[in-house]
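Contents: one structure, followed by commentary.
As written, the chains take the letters A, B, C and D, and residue 1 is the first residue of each chain.
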């Protein structure tokens, strides 16, 4: 018998993730604010619900993949009551650890479980079942979630029982990505002004000491300034850097590089670049060097 | 018949590099200020010279691998005359593009060639013939240098005829490395203060989105704070960041992350940490967060 | 006949300000959460109320001087209804422009006026009637407020009809103060390490090119490291810098110096220095230079 | 009898300074690379020399006021021999403390004295005898210099016997000035984007908490963006900030605000703004905020 799973939030990431659950044989019911988007999955076997409540069976598993803390908190209002005793909420959005702690408490009050399971990977990786997932929360709940998570990823890493831990880890990762982008941007400005070819420069590092996806993929985008269409919109990147800064402030951790990339993102927004890929902060390094 | 090569500068990098030339069958004559260090190679077949001049045969190839611009300029005073017409100087030190341009001119005056061929890799990589080499300069001279360089490396990348180009590339690389170290340090402070295990954090990224040597090796050192013994001394790292800043100033390229890591290195020197590995700038992030 | 004025919030600033209103002949009714503090003014002629509502006469003038936006918003809930048609709320706290805009709307709904009138000056200046006041809001309301404000200040400056303008001005001022503190701290570290006497250095500038209160007063505190007792607690300074950053983010204005002083304040809080004067961010410059 | 004084370097500052010496009754002999400029003072009673040597009488006093360390070192080569035993060199340029230490040694070798006496004030202040002078060096030599310095200034401050001390003080001052400019620039961007009038904003602070020349004069220039003609050219400001950074590096003092203003100046140079007043770094704050 197929295991029922509800999936809420069919954005650029959620849609391919839900599709992979279907492929793996789960009985998937979905809910999305824009219903039309959900209906694209009907022919593949998904059931489309009209509300969060209607999407959830008591005691089952629900996955949320939403744009930000506010969207998750809004949607999550109806989840504990719908899940009830024995249910499990797997929260996969990039949100603050505080949000996870708050939601864990509201689920505990009705006897359902809650774990954080944010992901690394762009939409292409989600489609290819190549996401990396990091989890935190109750160990038994994570055991229960594993088959579901496995259907969407190439690897699952556990970060202990404190439910916000995986959220913090996700934020440190996005921070290190945008920090690497800024470093590549400055390196490119220095190289370009000294006559080096931008693609040769990034290609060299992507084949040698920085032979990993972040430097290879972003390096190519940066070298070519391929900021449109956006793989990850700058305005969404700003949301994540805000979460990093808020979490750092809460924990009293000065992060000067986080402040610097925040200033780059803010300036890019001031210049109307919010819909470009977040690598477009590179334009500031070029402009500051008089290159544009 | 074996091809004669002179190797000047037998530091932590130079010694294993010269040894690989021997293994590859070159007839190697060496010169090192501290002669004792050179003599460790005698049983392996090397000839030890008493001076730069004595180490060099007219028209042959000489390699220099020295600590900084000043040391190179000092040693290089005697090289053009000793090499004479048809000679080739392969400069592998991390130095400024300006130094390469100056040396090219002094060699041209006597009819010898000069190319820049700086390397990426720590001493272990040098020993294992796993260096990455980037070259710039006259194309024919690089063709001539290739067999020599191949004996010391796992890959050679060319960056054109402008002799300083490879030096700039080397500087952008070292800059991106120390920038990544700073980003990891800030991420670790944020993680640690939120209860994450430092090694788990770095291990996750080293296996996933940052699966490349820089994040894997430095990530482990940072997680464990294994700053002694130093793989690359902080005071030497400072020398490289100074070259980055000087080159950026010359080219009028603001590099805020370079300024930030420079401040970290300077503070570490002020605190007497010059002999630790340059990853030890991490201590500042921890201290600023009240962790130590 | 004496004009009735209500004063809410008798902190280090509010108490001497209310006292100056009494001295100027206003009939002052006060409310403070900690009633004992209010009662110290009874012998001087003040009436102490038990609640915000009880403190306010319909159609009169009420002044608020509270610790932050949250405290003001909380207290302000009862003010419009108590004031009613023809009343005037003079808001003198350091708060966000957004808070002023929100409160203006709630007052407009009942026919009362609202202006922003934040102040510059420490408690000693408040006691000496030496505050500087900047106002924004409806011109007629400001005319009505002037006699009241004059009793507490040495000068009143108007910044137009947009009610949040004076709040923004106040934030730019506090930002420039903490920026000057950081600059003095860095200058002192450079001077001290080069053998200059800290007091001689600051005294010179306070008598010459920086002969103004901020550099004279803070310069002396910094030179002597007289951080206790605090004239303005570091944790309150952090509140103001947060407002600066929030306002800058809202307006999309990158402010790298604001980010830098925020990092200094955050680190000081992480090290348990929240109760020192906010000039104590100087300790970080000294520590970074290996001076302590 | 009039005391003979030689004055070398008749730039925007040197010319009015030499004129004040004439007015005070000193017998002034001048030398300037561009002789025409020196000759404008002939009708006022000055003697124009053809060389440094010709300008100097043995055992007398010579003042230098030159553009930078290199120009001073170049000119100073001939001074000790010309002055000989009992002579005094008063060095008023903005140079590094190291340069003063070097020159002190060369003078000591021939029995002449050397003191540092850099000045604060723009050309208008020099013309009005309103400079502030800070001195360091041998106490007796400073006593001897005082009448000469008094003729050019409104105040003389002593900073002890270590000859580089006054140079360091001068650098800390120029650093605090450019730091204040950056802070004003960021404050103006925040104010302008929130609807405040730029001149109103700066005028308020210049009349209240920042009522001192730096904020008043630069505040007006910044509010009106009156960057041409330059009172102090940006490219000269860069020279001074470089000296600050070099001195900070030498002393191992991280100065993040110095790094920030250096990046602003460097970017301005990259954009071709080197001939504008150094306040023009403000344009970067405006551009980053999307205001231009």
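Observations
Keep in mind that, in the parts below, contacts are C-beta pairs under 8 Å (C-beta built on N, C-alpha and C of every residue); 3 or more make two chains touch, one makes a residue touch a chain.
Bear in mind that the values here come from a model prediction, so they are computed numbers and not experimental data.
Counting C-beta pairs in contact across B-C and across A-C shows that the higher total falls to A-C. For chain D, the chain whose average C-alpha position is most distant is A. Chain A and chain C have centres, each the mean of its CA atoms, that are 41 Å apart.
With centres set at the average Cα position, the gap from chain B to chain C is 54 Å.
Taken residue by residue, chain B touches two or more other chains at 248, 252-256, 260, 263, 267, 270, 288-290, whereas all remaining positions touch fewer.
Contact residues on chain A toward chain D in their complex (touch as defined above): 263, 267, 270-272, 284, 287-290. The touching residues of chain D, counted against chain C in their complex, run 97, 120, 132, 134, 155, 157, 159-160, 162, 164-165, 168-169, 171-173, 175-177, 179-180, 182-184, 186-191, 193-197, 200-201, 204-205, 207-215, 244, 247-248, 251-258, 260, 285, 288-290. Contact residues of chain C toward chain A in the complex are 248-249, 252-256, 259-260, 262-264, 266-267, 269-270.
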